[in-house]
């Protein structure tokens, strides 16, 4: 099945990228845009039909590699 | 000859480039801040130097490519003024649509600073006329996103029209760029972008002077 | 209500709290408790080390500013000043290697440009746990990427450093970053505030809840909504720092700056108190004016936040508008957050409340100071050379040594650092010292050094050695050593044996610096590097700066020409105690470290420097880890030329691998040999011909022959293979 | 309202990060994971109640800055 993992900075962690992007958007005339935050998106195929099993594996991958849990949260979607 | 160096916040090889241009052209280039909307009408050369404009955030060169001064740079390019983009400058030119393709993350995913070997593939450009076709020069690279990519059609056009100016050789491709491409030129022949830093290999102090001919070419052009 | 638990969480000892309560004559507010815990902790107050730091020589003909400011300043002539300092970011780098190392680099760069200098070079000294420890690989990858990520983007060449591995760092890695800047002697800026009623200005990035120390965990309870208020790791923003650098230099040039102080540890608190206390002035802050990144920040959080890329200044009022314009141009925050007073109080207001009202001197330069009990370390038993059998396959031993974690090539590391930006790098990583051009023919040489296994075995001799090796490295490129910065990394000073290491180490540094006329102008102390009772190897990192008047005479280490003669300058080796050879080949870490005779060190070094100045030496390299053999291998690999070494038959492994001090290998044209050896004799320096540059192997007659190809793959192979998980 | 933009590489565009992540996952024992791709996630607030208007603005931002349409696709979600 296909999985989609979104990784976002924890609340309160400085996001220099988001800050710069917000500045650029304002400069381009999108003046009202606010709270721009940048995160990561990881898509992958995992060959199991069992939803729960997949979810566990994916959680494992996030904890072990994909997310830096000191500063990032992750969210797993399966479809 | 009259040159200008465009400065965006986060650019950090502007001084290196200014030093090199002063050395070879005999006069200091104008330093132009990104909010300017016009360039001097009598410029011979516009340089976008290396660095980390806007921290390389979002995509390398993406934010700088949309800065006010870029309209003027586009304009100059249209008028036939020579435009040179080095490293981050190359990325900016691509993001601005002045050169085709894309520069992606190095295949190693590491920033890489080392010397590479470049073969001059086209010596009829304003940057290479003092070199011979097939000549091999050394130059330092220092980047994390120099992995050149272009769709097949664009790539074919670049190759067929001899618009690949420099190619990494001797197995020194530092970033996995397609066809070992290190630098390219536009159709009109007045806009060049390259990843290596010629401004860092022009005098005895740098260990070698391989890149002096590139600046001599600029001046003679 | 201040509970004992709260006091403990703030790292204050009961007697320290009592002292504070008496000082202010009432129970402090939570904000005041936070402030004092920040000001009186080891990091800011140096309460355990101050007494001993005072014993260091800190003056000299070239010293403009010694310890006590953001960085040290020395005069290198022609109105040029070099501003430099080293600082540790050990614990944060262990928690989050990338951001920890990155913000460490950001912090030390700020210390340097706060004084009006443009950073022209960065170095770093890194210590990791055993290669086979499960965390090590990840930590190395993160720390190296973080140092490069910040320095490369900021735009300073990272030109040198050290990397060591040892199990004693398994639970506490060391990340020591050094920054070097160039300023004009008549345009140095200091943190001492002057003048009453002047605006105190906040500059740079906004304040968030970054890196507020563990105590906020508790305090968050007061603020409610713990999840939202959880203290967070500091994230570095090199882009903002680069803008801050340019804005600060522009502002300084405009003549608007009276005093300036970067916000480092306990940002707003430390910087404000330091500025006031040094200037014998009070400071009043209006926290409602502090630019915040997050909503609902409390006074406590604002005072203790360690958000990066921030500065505090005292400005000339008439220039405030001009100053603001400069900062807006660079997209940075600018806010007048307070003013100086004449009542020596540190007063903090927030939402109409006085959150803190404290005596500023007692917080700052009159903070508590300890004379902790200490034990004199025992001297290690001498080594009995007879029970160390020479290896039966010397060539194999040489390959093992050159491919060992501590001696193998660091290319994997330094190729991730931009070391050519600035167009002034005259010597790339890999030489004895990095060399950066100042202008025309003038340059400076830079080196960071310490051999922790020596310091562990004998803190006094080992620390002398660290200073001597730094001095030797600068000398080996032809530089005149001028001054040092130091970074003292030790365990828990409340343990007398650790305090003993610190005391003896400082004695050793002091003695070496005096003997070599090599004063200490800045530094940093990092204590409590200890996990579950195991403390790090004592690691007093020394960062030295030297002057090269004529870059055309600079020496480098690669063999240059087939046929060049190879000279050993200094005595033949005989000391194997604590040598890398003993550890890597015999699996033993014992014996005393090589003794350092500082008079001899100076005599030999001055001789080598003189010969380099005369231009008769074609290559120079000092002898350190791995002894004579490692030295020769490195020169051969760098020059891609072999050598033929012809030592007296009687020689054994002590001569080959001994790490005796005050020694160099140099090459010259054959016809020069006699003259140089005569000059050496005249100067009282042992010098002998030991062989020639030739062929494509390192050949030690009758003992070993190692082809350069094999040597190179061993030497270059280890680091990449290790990082790829193949080892 | 809150908007969420996902930016992914077009098919055929090589994805060094995705490749490296896949390699690392395999090394960690997640042997069956395949087709790992890395993309970007950008979240922001845009002060308009009108869905269509917001969508147009966001499309505009993507075209003008957020995505490099030579190599990237973008997708806009509003909630």
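Should a chain be cited, it is by its letter among A, B, C and D, assigned in written order, with residues numbered from 1 in that chain.
The rule is simple: a contact is a pair of C-beta atoms (placed from the backbone, for glycine too) under 8 Å apart; a residue touches a chain by one contact, two chains touch by 3 or more.
From a predicted model like this one, the values you see are computed outputs, not experimental measurements.
Trainee: Taking each chain's centre as the mean of its C-alpha atoms, which one ends up farthest from the centre of chain C?
Mentor: Between chain C and every other chain, the largest centroid distance is to D.
Trainee: Check B-C against A-B and say which one is joined by more contacting C-beta pairs.
Mentor: Of B-C and A-B, it is B-C that has more C-beta pairs in contact.
Trainee: Need the CA-centroid distance for the pair chain A / chain C, whole Å please.
Mentor: Their C-alpha centroids are separated by 36 Å.
Trainee: Would you mind pulling out the distance in Å between where the CA atoms of chain A average out and where those of chain B do?
Mentor: Distance between chain centres, rounded to whole Å: 34 Å.
Trainee: Go ahead and note the Å separation of the Cα centroids belonging to chain B and chain D.
Mentor: Roughly 29 Å separates the two chain centres.
Trainee: Can you pull out the residues of chain D that are in contact with at least two other chains?
Mentor: Residues 64-66 of chain D each touch two or more of the other chains.
Trainee: Would you pick out the residues of chain C that each touch at least 2 other chains?
Mentor: 237, 239-240, 331
Trainee: If I count partner chains per residue in chain B, which residues reach a count of at least 2?
Mentor: In chain B, residues 54-55, 57-58, 62-63, 66 touch at least two other chains, as defined above.
Trainee: Counting only chain pairs that touch, give me the topology of the graph as line, ring, star, complete or other.
Mentor: Here the contact pattern is something else, fitting no line, ring, star or complete shape.
Trainee: So in the complex, the part of chain A that touches chain D is made up of which residues?
Mentor: Checking each residue of chain A against chain D gives 6-8, 18, 21-22, 24-25, 28, 30, 32-48, 57, 60-61, 64-66.
Trainee: Which residues of chain C touch chain B once you look at their complex with the stated criterion?
Mentor: Interface residues on the chain C side: 145, 148-149, 152-155, 237-240, 242-243, 246, 330-331, 414-426, 428, 437, 551.
Trainee: So in the complex, which bits of chain B are touching chain D?
Mentor: For this pair, the touching residues of chain B are 58-59, 62-63, 66, 95, 101-102, 104-107, 109, 147, 149, 151, 176.
Trainee: Taking the complex as given, what residues does chain C use to touch chain A?
Mentor: Contact set of chain C toward chain A: 95-96, 99, 205, 208-210, 227-230, 232-235, 237, 239-240, 293-294, 307-308, 331.
Trainee: Of all residues in chain B, which touch chain C in the complex?
Mentor: 9-10, 12-13, 15-16, 19-20, 51-52, 54-57, 110-114, 140, 142, 144, 197, 199-200, 205-207
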